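A, B, C, D, E and F are the chain letters, set down in written order, and residue numbers restart from 1 in every chain.
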Amino acid sequence: MTHVIDVVTAGEGLIVFDPAHTGPLRHVHTFTKRVGGAEVNVATGLARLGLRVGFLGRVGQDEFGEQVSSFLRGEGVDVTGLRRDPGANTGMYVKEWSAPEQLTVRFYRDDCAGSRFTPEDVDLDLVRRARLLHLTGISVALSDSSAAAVEAMADAAEEAGVPLSFDVNIRRRLLRDRDPSKLLGALAARADVLFLSDAEAEVLTGSSVPEAVAEYRSTIRASVVVVHTEAGAYAVHEGGVVLADGHRVRVVDPVGAGDAFAAGFLASRLGGRSLRRCLESANAAGACAVTVPGDAESAPTAEAVARLLDGADHVER
Amino acid sequence: MTHVIDVVTAGEGLIVFDPAHTGPLRHVHTFTKRVGGAEVNVATGLARLGLRVGFLGRVGQDEFGEQVSSFLRGEGVDVTGLRRDPGANTGMYVKEWSAPEQLTVRFYRDDCAGSRFTPEDVDLDLVRRARLLHLTGISVALSDSSAAAVEAMADAAEEAGVPLSFDVNIRRRLLRDRDPSKLLGALAARADVLFLSDAEAEVLTGSSVPEAVAEYRSTIRASVVVVHTEAGAYAVHEGGVVLADGHRVRVVDPVGAGDAFAAGFLASRLGGRSLRRCLESANAAGACAVTVPGDAESAPTAEAVARLLDGADHVER
Amino acid sequence: MTHVIDVVTAGEGLIVFDPAHTGPLRHVHTFTKRVGGAEVNVATGLARLGLRVGFLGRVGQDEFGEQVSSFLRGEGVDVTGLRRDPGANTGMYVKEWSAPEQLTVRFYRDDCAGSRFTPEDVDLDLVRRARLLHLTGISVALSDSSAAAVEAMADAAEEAGVPLSFDVNIRRRLLRDRDPSKLLGALAARADVLFLSDAEAEVLTGSSVPEAVAEYRSTIRASVVVVHTEAGAYAVHEGGVVLADGHRVRVVDPVGAGDAFAAGFLASRLGGRSLRRCLESANAAGACAVTVPGDAESAPTAEAVARLLDGADHVER
Amino acid sequence: MTHVIDVVTAGEGLIVFDPAHTGPLRHVHTFTKRVGGAEVNVATGLARLGLRVGFLGRVGQDEFGEQVSSFLRGEGVDVTGLRRDPGANTGMYVKEWSAPEQLTVRFYRDDCAGSRFTPEDVDLDLVRRARLLHLTGISVALSDSSAAAVEAMADAAEEAGVPLSFDVNIRRRLLRDRDPSKLLGALAARADVLFLSDAEAEVLTGSSVPEAVAEYRSTIRASVVVVHTEAGAYAVHEGGVVLADGHRVRVVDPVGAGDAFAAGFLASRLGGRSLRRCLESANAAGACAVTVPGDAESAPTAEAVARLLDGADHVER
Amino acid sequence: MTHVIDVVTAGEGLIVFDPAHTGPLRHVHTFTKRVGGAEVNVATGLARLGLRVGFLGRVGQDEFGEQVSSFLRGEGVDVTGLRRDPGANTGMYVKEWSAPEQLTVRFYRDDCAGSRFTPEDVDLDLVRRARLLHLTGISVALSDSSAAAVEAMADAAEEAGVPLSFDVNIRRRLLRDRDPSKLLGALAARADVLFLSDAEAEVLTGSSVPEAVAEYRSTIRASVVVVHTEAGAYAVHEGGVVLADGHRVRVVDPVGAGDAFAAGFLASRLGGRSLRRCLESANAAGACAVTVPGDAESAPTAEAVARLLDGADHVER
Amino acid sequence: MTHVIDVVTAGEGLIVFDPAHTGPLRHVHTFTKRVGGAEVNVATGLARLGLRVGFLGRVGQDEFGEQVSSFLRGEGVDVTGLRRDPGANTGMYVKEWSAPEQLTVRFYRDDCAGSRFTPEDVDLDLVRRARLLHLTGISVALSDSSAAAVEAMADAAEEAGVPLSFDVNIRRRLLRDRDPSKLLGALAARADVLFLSDAEAEVLTGSSVPEAVAEYRSTIRASVVVVHTEAGAYAVHEGGVVLADGHRVRVVDPVGAGDAFAAGFLASRLGGRSLRRCLESANAAGACAVTVPGDAESAPTAEAVARLLDGADHVER
């Protein structure tokens, strides 16, 4: 069977309002509009690393939805499965930098189009013809209908033998009082590749040490569990643990780092690279992403990742 | 009895994101954050014209709520009655200029703090001690609880003999399928001063000609109905109709014109000026407001209104 | 035969540096980067009016080429036929506003990728499967290889029975000392739809009055010659002359008006509308385009054109 | 006796023009307007930390004076004692960043309203009803009339038993040839809380080591002398010396750090906290302030100080 | 005798802070820094029209003085006679646009370097070797020492047979209570070319009609008195009155119009053109200047003036 | 013989478009226009350090050429030898920051005016009357005619006994396939002062260690070879090697560092300072330059260099 697409992902595309400088927003008068949403970031990252990507979801029938759609399409992502909802706004969020790198966010996504994503919106056929399906816990936590859509995709992928990649992405504000293990554990257990931060590893496994993650992995389906930490990343697989150090770079905007990390890992893995190389690519992609403002905009190209891995000169002429 | 305050008004304070230039928002990358909401605009306008104003309402316990609050307080408006809601965002809206002066707007106010304004939030004592209560149809249309709060204020004012000023402000998107006459007609009928655009006059009276408005006025409590049109404004009172021509100015941003108009009228009226002078002040205040970007920011000072009325030189040195 | 695409066009995509304000550039320190090129503008305009469009050409293997490509792809234009040239820069030009609406431009396009467009770059199969081929005199004047590519496309279209639309677009700087009639006349004579400004009509026909244009039309293949003037536009066809008045709007940036005009005309024509309606749509599209900054960015959507044709309110809420 | 206000302070409110980037100002074309003045910064800082603050002084009857006034009022500071002078401009100063963190300033304050502050302007009754009076050496150095006003406030506070906080704030340009010890020593000797930088400690005591400061303290009235240094801060009191390390943060704008430090200290002290906790709060407030551009704008809220003291995560979601 | 220079002028160079948009400055957060001062504007205008110009005066030994100096030198003006004062700031002023074209200004020039300009600063030799000396009433009103410097230059010019051009430029704020006729009348009476606005004509002659100006001219030395009005300009000379209509252009910033007008007139006059042509050039230069933001920056080049006089196309390509 | 000028240099002045933030240019919409070109940077640096400098070269007869010219003239550089070419654009280049300090550049200089610089353009008399001629390898690599102009200047200097300073400045893109040693070695061998980066030292001498450079120096005419490295700089002369450590500063823009370094060295050398002091000045000038955005704009003044050498306070008041 031929694959028309490498990776299908799905989620809520968001507009981001990013203030011009640090400090309480009452004193910030100029904002830059950008594009975000975890799965949008991953889709962009994968496309920039050369993969064919399809994005499913629902945005408003408004200019912000048009922005999300044209952004992804411009990056070469297939958005034929991105629905436009005339009855709801495209979601947005506002960043606030209390200091450099010190970020808080405020969402305007309740009842927005992304939360109205339903199983009926999903082009399951596209899912079945992909080489990989990538989902995140955000879409599960967003709304019941979105969770159902995610479930339908996971089911379709499983039936068609398409492996699932799952980034737990625990977001306390979306979860409200719900237990993340209960809400997200089932999908985590179905994934072939599972992404966790060390804090998330602690939530799911009770500890962020590799041994605990390895123990947890042995109880689920995942062939590899990838954990990113402050210092770098490690991957737990049947054969043991692989570690890779991170890069020291000047941080401009940390948002999107985890998504670029996932994109870097998946692109290498689908390219048949070793687990170590997958981790190195993931670390480099994450490091590149934090040196550029924006969420999806900061997803690095293959050239940028290669440049960091190869340690190129500071100034090229 | 001494009045501690001249005018009390109440409503939803909003944050406004205003794009840097005309055109579809997908191509606008920079936005200016400003402050809006019809009653916020009126409160600012009245304060700048020298009146003591109190503002009631509910905003989020967030920096946007802080912005609305510190903006009004900075202008000298009493915001001790502005509640902060830790459980909801401050509402916002995004402007889109398809061409100069050609505006569409998109609101993110559903379930925001303003819609959660309730009768319990209202400091009725402040209402009773004012010389005038100003309300608008927006707060009625916003939510049931907000409508109830408005009703409670109108009742308290009536009992205390405080005259009511009411700007119908029909907003189709807020009304959804509800009939504006049914929803807003009762409050309009209780007002002492009633503000209408000519289009709104047509909705309420079936026609925008002064005769129809005079006929309508005779059926309600209002001592004066003020109608603003493209060409200027007219006022219908027991003694007949008073007209005043508008000003020709270069329009920068039309939003807030009607609110500045109302503020100009009310400030003159509370100052005991003639109906003609009230209309002239209203026209001048509205004209000033459209020459400055912003909603509340563009509310003119007494000096600016006087300068336009007096026809000062173009460049002062 | 089924058409995979409505219109194919080809040309040089350009990056535009637009100064932040009027005046000599030595005193302008901030520039906005935008996207231009006559055929890029037409392609964008057609896509926004709902047509399936393919764009052929050559840009650099650089971020500016990526910008042109992702911009068009984002708008839904098929850019599979847009070549990337690793050996040349993407062309660019700088605007200078000596006063509002008073524009001069300076090109950096010599030896850039667009001039290296050759017949070998052209996907003739795409041309043959379109409903219309749109070309302009700019691509003819740009370089010999570009002219040859244009020739090849016109030939292929003719053989396949695909009608040709040709916008003469006389650019003195590109022509240098060459005679526009000689250089562009042959292609003009092969077009089914021919677009001229009144100044260009004078160059080609010796006069800009409809009679002279009608006389000229009778000597060429064109079923319709469309002339846009300061006051509006007229079309000369076998049955006579059709006129349509233009719109009075506040001009923000006149660049792209002619391209939006052509897009408006062609979209209506391919939609089977009357010649009068085609002219009205063209006029409205051109009028919309000048109210928005940018070349391709200002191409109006179907909604914007409809709004102008229908005379909607100034402020919608 | 009940206190209507926690802290009263007095001084010159200034408008600040802050260049958009580093380098000689001849090449900087864009400036951001902000609000400053040491006592304005302290007043803002105290208000954001939850105290009731009154600000006395004199600004111009111009929009810059309006800016200072509405800024403070917006932050909740009582400005009923801030005089408006129709005969003088509000003072301003221009920043120049020769490199990041490397700042020089140029004042336009001669003969401005702040220098015309006189004892007659002072609402001594407000001073007498405060829990603390905070003054700085800047107001002493500014002009004879301002020094007299400061003297009058200190006298009134002393008589009413209101403790005095004094930040020496030696400004060479304001002092011109005057000896800082002579000019400022008398007031320093009357303070209950005295703030010094280590450089200022050296000027007043001949050395910046704690021993010298302790020796100096024993000769004056101060119950505590607080010295802030590069590494942190220490406080000398009857019982000895208390030290507290500073925080390592990415500096955006160092101006206002000392004022936020003083506000942090005083807020804790008036809250009855231990001297160690006062120093920690002062250090944290100063550290927060330097991560945000602006003088008064960068004064941290209680939440920001608490977040730094508690070591919260880098990114909250 | 050979002239090393065409025109010498002298005055105060100023830095201008121009707000980003209309409205009360409390709501404007971004300013553009520019260069102004009536004589700086004239010097720039003359240099751009091809004349050799020398500028005398005094600015601070600061970056703003460096800005004035490098600006003029960059435009080719000889600034060897521009003194740098280490003891005073360069003067500045802030614009406030209450509406488009509706300007008020606030100066920070008291005790600044320009007011400390003295006869000792003046290179009288340069004055004597010029073809024309241009002075304005601003330098007379600025300070006693500046008035003395102006007097010294006028004397030196008279002795050397260098004609004097004088632009009365009555500035009420600088004059304070002084009578403009008394303060400026003597110098006006010594001028060979005298520039007046119609309002200034009324002040000096009692009426702004040409007859009154002609009557006045007959009592003074001037060979020509040039009066600019809203509608254009007229010149009164021995042979009668010459009139020239103004241009209708979209006004961006009216400041500098009168100075560009004077520069246009003087450049034509020194070029030996007819009085009518001088007026036409003056009108065109003034019209160009108002289409560009800035005071000195908006001074038009010879090409811009020629383009307006010749009525070139709107868009050149 | 008296020298009318201290240093003459020659090269291509460029306009620089600098993006507002890091990241792929497709997502950067705002650019700042600045001035660059290695020799322009050196000329600016020397002038700011107090030397009389002449600049030779060719720019377009356009506003960008005007910008280069007025920039240099404004800084006091003699540009009477800077030709204006009506037949070619002024060259420009675009910066792209893939991360902070991580720069790539793209030039639009082919066939621009700078490449058309010829021996006929050169005012050899000015060269002969200078105290030093400074050239760089960029002008050699730029075009054959530019290389010939450089050759003619070196010849004239040699005949007149004017020492030559040569900065090799190997630019791979300009060199294309040419061998830098062959192209630039001859001129390097004729220099009295030769500037190299350590990478360039390796290209010319086979190694970047001081011993290899000393060996190389013994084979050429240079009295001193100056090598700048990451850690600082060293100079090889007859008497041995002198080293000087660099400064640790926060880098804003590394471009222009090498040019400021050369200017710092040459200004000290022409001032008769010791070789160690020359290196220290060079290091300080280079360090200052990287803390300010821009190429020529960031050239430090004598005060800035002195401040860094003297270790002044962080904030001056």
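Points to keep in mind about this one:
What we mean here is this: contacts are C-beta pairs under 8 Å (C-beta built on N, C-alpha and C of every residue); 3 or more make two chains touch, one makes a residue touch a chain.
For clarity, every value in this text was computed on a predicted model and none was experimentally measured.
The set of chains touching chain B and also touching chain F is given as A, C, D, E. Set side by side, B-D and C-E show the greater C-beta contact count at C-E. In the contact between chain A and chain F, the residue numbers used by both copies make up under half of all numbers at that interface.
Taking each chain's centre as the mean of its C-alpha atoms, chain C lies 44 Å from chain F. Averaging C-alpha coordinates per chain places the centre of chain A 62 Å away from that of chain E. With each centre defined as the average position of its C-alpha atoms, the distance from chain E to chain F rounds to 40 Å.
The set of chain D residues touching two or more other chains comprises 24, 29-30, 70.
Contact residues on chain C toward chain A in their complex (touch as defined above): 70-71, 73-76.
Partner chain D is touched in their complex by these residues of chain F: 249-250, 252, 288, 291-294, 297-298, 301, 304, 307, 314-317. Partner chain C is touched in their complex by these residues of chain B: 21-24, 27, 98-105, 171-173, 254-255.
Contacts from chain C toward chain F in the complex involve residues 17, 24-26, 28-33, 62-64, 66-67, 70, 89, 92, 94, 96, 106-108, 110-111.
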